[in-house]
Amino acid sequence: MTCKIAIIGASGYTGAELLRLTATHPDIEIAALAANSKAGQTIAQVFPFLRHLDLPPLVPWEDVDFSRIDLCFCALPHKTSQEVISKLPTHLKIVDLSADFRLRDPADYEKWYGTPHAAVQMQKEAVYGLTEFYRDDIRDARLVAGTGCNAATGQYMLRPLIEDRVIGLGDIILDLKCAVSGAGRSLKENLLHAELSEGVNAYAVGGTHRHLGEFDQEFSALAGEEVRVQFTPHLIPANRGILATGYVSGDAQAVHGALSRAYADEPFLEVLPFGETPSTHHVRGSNLCHIGVTGDRIPGRAIVVAALDNLTKGSSGQALQNANLMLGLEETTGLLLAPCFP
Amino acid sequence: MTCKIAIIGASGYTGAELLRLTATHPDIEIAALAANSKAGQTIAQVFPFLRHLDLPPLVPWEDVDFSRIDLCFCALPHKTSQEVISKLPTHLKIVDLSADFRLRDPADYEKWYGTPHAAVQMQKEAVYGLTEFYRDDIRDARLVAGTGCNAATGQYMLRPLIEDRVIGLGDIILDLKCAVSGAGRSLKENLLHAELSEGVNAYAVGGTHRHLGEFDQEFSALAGEEVRVQFTPHLIPANRGILATGYVSGDAQAVHGALSRAYADEPFLEVLPFGETPSTHHVRGSNLCHIGVTGDRIPGRAIVVAALDNLTKGSSGQALQNANLMLGLEETTGLLLAPCFP
Amino acid sequence: MTCKIAIIGASGYTGAELLRLTATHPDIEIAALAANSKAGQTIAQVFPFLRHLDLPPLVPWEDVDFSRIDLCFCALPHKTSQEVISKLPTHLKIVDLSADFRLRDPADYEKWYGTPHAAVQMQKEAVYGLTEFYRDDIRDARLVAGTGCNAATGQYMLRPLIEDRVIGLGDIILDLKCAVSGAGRSLKENLLHAELSEGVNAYAVGGTHRHLGEFDQEFSALAGEEVRVQFTPHLIPANRGILATGYVSGDAQAVHGALSRAYADEPFLEVLPFGETPSTHHVRGSNLCHIGVTGDRIPGRAIVVAALDNLTKGSSGQALQNANLMLGLEETTGLLLAPCFP
Amino acid sequence: MTCKIAIIGASGYTGAELLRLTATHPDIEIAALAANSKAGQTIAQVFPFLRHLDLPPLVPWEDVDFSRIDLCFCALPHKTSQEVISKLPTHLKIVDLSADFRLRDPADYEKWYGTPHAAVQMQKEAVYGLTEFYRDDIRDARLVAGTGCNAATGQYMLRPLIEDRVIGLGDIILDLKCAVSGAGRSLKENLLHAELSEGVNAYAVGGTHRHLGEFDQEFSALAGEEVRVQFTPHLIPANRGILATGYVSGDAQAVHGALSRAYADEPFLEVLPFGETPSTHHVRGSNLCHIGVTGDRIPGRAIVVAALDNLTKGSSGQALQNANLMLGLEETTGLLLAPCFP
């Protein structure tokens, strides 16, 4: 049986990636595409890379006939997302890629995003979309909140370590290197090729990045106590990929063991042999996450490095993985693409 | 029925791309991988991007048991390729990605490659692998010679124009912009990131690039007279993609018409609406070729621009397309991946 | 004696390059910086790369006290430039980097720029700023019009060939590869890193690029007859550099001879030994232009390739070279920086 | 008075940068260039970006007449460097850019570089070349050992903090992002454009990078006790630049104060206003180092970020700064170039 899906906010990069992945999905039909800022345009105009496909034109989301849609992906900016989603019909399954439903506590949302949440009830029922850890809830959910791409990377690296208590909780440092598509298709000077290529810089330094809200929520819940990590993202001159370097206290072999056990049966999570380190070059365009562990020369210190593609495993691939579950399909369908190298 | 394939020369970039494409092919099993310079290594060592797959380790090609192989891809350097292929068992279907069997006339081979051909008989029986134009011969061939990546791009753009005589044959100019993976995984100073990124240069200027041998052979055969194009390749700081800009004399609308007619039913060849121009960004990682036609302000002059991914449609995708035909499979199987953007 | 200069439009890329070059110029003092869209900001905010210098803050150009300024660089968009320049005091020497004063015939301006010129009298007195060919006029000029960056590259390659009649005038083809800073600091989707890096495309195909106005004007004047070249620019994923590939009919040795003679005494123009080809990698950040000539395998055809840095020799370096002349300084002062490689 | 210099190992990237900087130095004459692997070649062949300069051809270092040379830069690989330097005449001042004379203790050298030092006596007399901290010794030195580029970046960030005891010494973490030219002009697969661009990876994870030897030596001497930092370098797809992110315990304002005081009078070290962060984009091609300090949301934790150009301030610019001192010239001569942006 073919499932009919719609994508709202189809003209950004996560929209593009959803289209790339669903366009060749054997059990999914793209029934409607909405993008209010580019309504009236064809896919050939917005995304010439998909011009060979027979896809519906972009319309305002209000014009979509949702009665014939099974599941809707929302790839809108936060705040807009909650407004739109709260108006969608209740039969519809929804995978939201924005930040709007990631934080369960409305106070947390207001703290990190600066405005009160306008759909508190839906916020509470939303399931956090980190598939490997919320699989059963996702299967039955009506609304799944896709995680932040940085938040996904950091959690894949740290959740098993916190859960198994193989690391200290008081001195976790996450240094992330993020490709530019994570910033979306926004017209900002620092995202221009001329200003971004050939260099690197930190941003949101000092614990101000919003994905910290997710780390705080998830790690504290896992640990049963308040956990606060240090997290500094850096913008690197690449289009896809996040590399997270985690500095933790603990026995490196125990760290490696905890990760290996946790992901032994996971189709998309690869724990490398002890002492090897991953690279974003090797996961590009795929739904894979590679994780490596090395011991430091300083006894009792370990370095964990994780790599994933922010547009795939970090957002749209994750979204499809969740949608597959919600639609009763095989979880990996359409997601077994090998990475694109070189 | 699953077909068993081997790849000889699996450790280079066209090998990597063959692996990427065949690894998820529903009717193909990768039964053997050979790479003499890296024999003994696992795929995780040579291509960490494929570490999640259960693939055979690299062995010397002499150690492959070809009796259980249906088809062999050869991704070796020219000269080595003819030596190896001439020793392969005769039951084996072969798709060669090197330059060794592209030129039918041994004298042409010697002229462009500097040494006499060592397997002249096989050279003569080889079918030229530009799928859309040699489809029937390929279906029945034992040995198919994959085209040069530049040669493919130029031919997609020019063959219908020469065949339909909508352009002058005496003043065809091809200016190509080629990504660096076309140069292979060779250790040369000018291919280092530090020397290639952030700049552009011409190379093989003046009609010395070996792919001219293919242009001469094919265009002259098509025209029934000697055709000699001017062809200058340029190296651009990108990993995948060829953009060919063709300067021709002729009526631009007639040029557009000839291309549109020729490719109306082709699954991988997209002729853009008149006046639009393609970009390598929009074909990356796919088997697509986009072609655009514009008239110049100078009457009677047209500009044709073609874009494809040199590793996919320009070599390994083409190779798989041909292999599908040779194995009696649907031609497009495993090749309908959407491009990877951004 | 130190000359005092102002820069209007200091917050764009040509403004940045003017600042880079003049900041260390021994005979120039930067007395005022204007940028209306960023007025009130410091240089550390607009161009952190210059934060170590003691430079004036950005002000609206109307607030500049021009009475104490000797020469003003205008790095504004065309149309705005003519409006501002027509209001500047008449004692002021001006080097304009916009397109507004490049075309001498008001009808040509209207044809290429779509609106009538609003300062026709100044347009007529302006001297075209291709230093090597208008040196004496520039020395005495009040208003010098900096050339287009593509126009400069094409002219360096072709002027001596047209003047010496060593090439045919009816079939000149210029294929340009341009780095992105030539498009300025504009917020456009196609200039984002995510959309520009890793690919290449043609633009303004078919003879619609405005720099053709300059080619038409200059080449026709040189030849004493109407000359119309074919010119197609391509956007490459690099920040600085233009590589122009010229396809001409003529004897390649004669072509090389004409260029060698023309530039024998020029400090910034390097004609490479016959058969060598330049690269934008080797002129980055400098005021140099490298030119190479090769004969094609087709008798009577030659390929000329020129490389320069669009921000330096193509605009701001040229502007300073002209300013030096206008101010009675040594022409090369502040411009002898070696290229930045790698 | 013009000082005559020689460069041994002139054909690598630090050699190229030395040439770029000294070629326009008003008080320096490049009298000899040696590069044994490329002996016999001209500069136009090895570094076409310098083809406009009248520079001596490359010779074997044994052929250089050192009697007329005042100072020699050695840009050789470690181990080779000590062999060559120990054979140079004793009148010669030497700035070595290799690792051979950075570590004062022969045991440390053997530990980090794997072989005993072959010129222990010279090793002991060598002055460590971090100009701002060894200025007086450098002025009188015969042999100055240029620091590692990563080591320079980390020390600029941390020395004043260790000296003023404003941070804890037991939990210093340095996460570096390094451009590829730091790896030199070596022919390795992972340095190819196709494998490096568009991605990021960690290397030498776990405290194995040799520059740790310098950190250990210098920080321990400063602190008067053994200090061991954690240090993980990452390779980013850029040609120039190092961004070091330091995670320290201490009061962020005190950290900022210590750095501001330390560098108040330094011409090349810029401490940004509190809360601002630097970028390698803004120091490219210059001898500047930008340092920023931010407090973390976790009380008592600070983040320090430093940016410099590894080829300039990180090696060849530092080398020239030291050479200026050794030759009795003004320290900043030839080094006041503004960064190249974009």
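Which chain is which? They are A, B, C and D, in the order written, and residues in each are numbered from 1.
Note that a contact is a pair of C-beta atoms (placed from the backbone, for glycine too) under 8 Å apart; a residue touches a chain by one contact, two chains touch by 3 or more.
Not measured: the values here are computed from a predicted model.
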Contact-pair overlap exceeding half with A-B, pair selected from B-C, A-D or C-D: C-D
Pair sharing more residue contacts (C-beta pairs) when A-C is set against C-D: C-D
Subunit A and subunit D, separation of their C-alpha mean positions in angstrom: 39
Between subunit A and subunit C, centroid-to-centroid distance (C-alpha), Å: 45
Centroid spacing, where centroids are CA-atom means, of subunit C and subunit D in whole angstrom: 36
Residues of subunit C whose C-beta touches two or more other chains: 13, 181, 194, 196-198, 237-240, 278-279, 281-282, 284, 342
Residue ranges of subunit C in contact with subunit B within the complex: 171, 173, 175, 177, 179, 194-203, 205-208, 212, 228, 230, 232, 234, 236-241, 243, 245, 247, 275, 277-282, 284, 292, 294-298, 301, 303, 305, 307, 342
Residue numbers on subunit A that touch subunit C, as the complex places them: 13, 180-181, 185, 187-189, 191-194, 196-198, 237-239
Subunit B-facing residues of subunit A, complex: 13, 16, 19-20, 23-24, 47-53, 181, 197-198, 239-240, 270, 272, 278-279, 281-286, 288, 290, 336-342
